[in-house]
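Letters are used for the chains, namely A, B and C, taken in the order the chains are written, and counting of residues starts over at 1 for each.
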Amino acid sequence: MTEKLLEIKDLHVMYRTDDDEIFALNGVNLSVEKGRTIGLVGETGAGKTTTALSIMRLLPDKVGIIRRGEIYLEGRNLGSLTESDMRLLRGNDVSMIFQDPMTSLNPIHTVGDQIGEVVKLHYPDLKAESVEVKVDEMMEMVGIPAERKIEYPHQFSGGMKQRIVIAIALACNPKLLLADEPTTALDVTIQAQVLKMMNELKEKFHTSMILITHDLGVVAQICDSVAIMYAGEIIEHGTVEDVFEGERHHPYTIGLFGSIPDMTKKTDRLNPIEGLMPDPSTVPPGCRFVDRCPHRMDVCSTVSPEIIIRDTHQIKCHLFSKSGEALRSTDKNHERGAAS
Amino acid sequence: MTNSYTTAGTNGFGEKNKPSAAARIHQYKKKSQVKTIWLRLKKNRLAMFGLVVFMVMMVVVLSADLFLSYEDQALSQNLSQRFRSPSREHLLGTDQFGRDLLARVIYGGRISLFVGLATICVSLTAGSIIGASAAYYGGKTDNILMRIMDVFLAVPNTLMAITLVAALGTSIFNLILAMGISQTPRMSRIVRSSVLSIIGQDYIEAARACGTSDKRIIFRHILPNAMGPILVQVTQTVARSVITIASLSFIGLGISEPTPEWGSMLSEAKGQLRYHPFLAIAPGVAIVMSVMSLTLLGDGLRDAMDPRLKN
Amino acid sequence: MLKYIGKRLLMIFPVILGVTFLIFTVMNFTPGDPAIMILGEGATPDQYAALREEMGLNDPFFVRYFRYVTDALTGDFGRSYRTNLPVFQEIATRIPYTLNLAVTSTLIAIIIGIPIGVLSAVKQYTITDNVALGTSLLLTSMPAFWFAMMLILLFSLKLRILPSLGADSWRHFILPAVATSANTLASLLRMTRSTMLEVIRQDYIRTARAKGAKESRVIFGHALRNALLPVVTIIGVNFGIALGGTIVVEQVFALPGLGQLMINAIRSKDTPMVIAAVLFAAIIASVINLIVDIVYAYIDPRLKSKYVTVKARKATT
């Protein structure tokens, strides 16, 4: 039941352009269990999409490079697969849906053809009628009348387009679904609809999901566990209860939660986290959050923190190592940190 | 470009002198805009190559009288020296009338250059007036003007030029007029679309709100800012003029003998193609060089002005 | 769809009418007295006057224009000042050559230019790409007639495998067509390359790859069809340019087409011939543009859906 479907070990990814080298991922460790949903949370530029693209091996050709680390899907090392093996997995065992539904669909193919395409790619021996049956089935499942399969993407609204994208992603019943901010580009009301639908489908097919988002509310709604990314690393990871309610947190996590405007309280100012993410073209020693952390200690600038594990909850921070604990108890500011 | 208002304290533009600060920012912005474009252009090696080649050609052509004699070398015939191969005396050899080929090519360049520039003045002026008016006044004016331009554009470009030359005659003035008119419709379209994109911006509203006259708005605010894409079009049009003049002269409707002109030189060379092919190669290469350098320059300008990075 | 075609057809007529007015006005300025041209130098002033009266040359401008248009609608484009034969006949015999040349050169440009544009885009920044771009630059920088002369130099004079004059066999059309195609080829190559580059960066291409499609299917099944849409629209424009190019190329190869006719007419101040020749060229260019627009409406689903929805609704079970 708690078998690992996906395991990412020490993943380092770099983008190399003519002018720059960008270190996008610096040692990401992540695992997803069968049938579970994990939320991947973080600011823009933290490396969430890069992680997902690395799993699909869809990093931009020649520009995106996996320098170190392995990704295992059901025990298979994805790095050792040939491109044609990888193609058998894409859309079939692992699917990905992207952020902007307006541009994710090909404007000159009917939506029926686009759903049918993924079916035909992975079940080439299927008869044409059976493919159509499946297309109809998927469309009904995402709440779009099957007669509309002959229409073109521009004839649908944003929310419906995203549902079609989801239909395409789930058509071959993948084991893992990577959803990159699937509702960010939609109206709030449509957001709720689409999320609900994703949740139901996920339950129905026992699909595991990595949901990339920067919206903590969405995470609370449908995720089982949460991983918080910062500057190419996962700095906190645990069940939703661990991260939302627990007592110990990475200072960044505290900042994230503290920055959510609270409708019940009356304040004059919002609470952003001071500063910006560090320049991704360098990899300094030590913790990457050190410049913005209200609890920084000397060791944070020089030594990269270890991952401290307590049951299901992992935090990558010196504060929680044995020496850190000692220092922390003497620190008056405690967990209130940046939140006023 | 950073907006100095928001980064408080960094530039010293305080709350006090808002109007003049705005004016200074506007000036500062405009100057560095040109400079930025120039810097970007400099990085483009092909464009710089085009610019250099074109400049060199211009210099050679304009200073020709310093080291060549028009009468002696380009015009006067010397039948004892016909069809000489390249030698120290005649670097490119001589043509069927014993005239130095290199001199004729260089003086031919002068004509092409002159006619090309004159033509672009005509079409740029006419096109700007028509295009800017259409864009600025919009509505019926726009419609009528553009329909008229459509009629002109329905006739293929070269045909239009030929027809106008047929009606007006082949003096250089008429040639410039004919070519200028045939280029005007396309130019007016470019100006119109460039102006339309600027008109949507707020500072035009502001100028109108403080009572600036229409004419002043067009000439002092709109046109200077629309210059970018127009400049690119200018290089392309001059390049095409070179070919059009040569084509017209080739079929006998442009510059006529004995004035050296690349097209008419090629027309004569055609008859000699079998035994003296070089007479056809030299002027052609000159045409290709001018057009290529202008095209490279134009492409480079276009890329330099486009804020999107190429990759 | 018929509605769209009808609408577009309707739009052509005012433009063509405008062209007749434009050409008529322009040619009105031509110096020279047609009466003298027809009768020659030796006739008496009375004879000239009588001829002018008969030809209606003394009528006001607009009367003459109106007469011309109404005659033209019945197929009477006047008589040549030079030969006194009906203009329409001469043009009708010449048009096939010019049309042939323009169409063939456009086809050559499409068949060579577009695939190389695709190749260039897919292999961006490689040697293939640079060679293609360099060749394209060269082709646009050459006047068509010079290219023609160079082709003659190589294939007719040095290699002796293709003829350089006349229009007797299909072989006579090869060099002229190639020469005329240069500009359009370069244009289509560059346009295809740039639209492909843009399309390849689109999100839906990423979606196609995420489905597990092979790269060849991504390029040809997804990217290309989208990239070709804008390219189709410029084929129409380029046809007009090619038509202009044929005029000069016909001179080089002594092809008896519309261009030669026009040039001779201009030289001999044969106004009715010039007017008719230009008019026909403009009509052909407009018709081709219309055809291109219709084809485009058919292949772009965004337009097609506007006009073909009735059929679609009926196709439901």
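Quick note on the criterion: a residue touches a chain if its C-beta (ideal position, glycine included) is under 8 Å from a C-beta of that chain, and two chains touch if they have at least 3 such contacts.
Values in this document were obtained by computation on a predicted structure and should not be read as measured data.
Traced through touching neighbours, the fewest hops from chain A to chain B number 2. Seen from the C-alpha centroid of chain C, the farthest chain centroid is that of A. Averaged C-alpha coordinates put the centre of chain A at 53 Å from the centre of chain B. Averaged C-alpha coordinates give centres for chain B and chain C that are 24 Å from one another. Averaging Cα coordinates per chain places chain A and chain C 54 Å apart. Chain C contributes residues 202-204, 206-214, 222, 225-226, 229, 300-302, 305, 312, 315-317 to its touches with chain A in the complex.
On the chain B side of its complex with chain C, the touching residues are 147-148, 150-152, 154-159, 162-169, 239, 243, 246-247, 250-253, 263, 266, 269-270, 273-274, 277, 280-281, 284, 287-289, 291-292, 295-296. Chain A contributes residues 56, 58, 87-92, 95-96, 98, 100, 103-110, 117-118, 121-122, 147, 150-152, 154-155, 165, 168 to its touches with chain C in the complex. Per the touch definition, chain C reaches chain B in the complex via residues 14-16, 18-19, 21-23, 26-31, 137-138, 140-146, 149-150, 152-153, 157, 240-241, 243-245, 247-248, 251-252, 262-263, 266-267, 274, 278, 281-282, 285-286.
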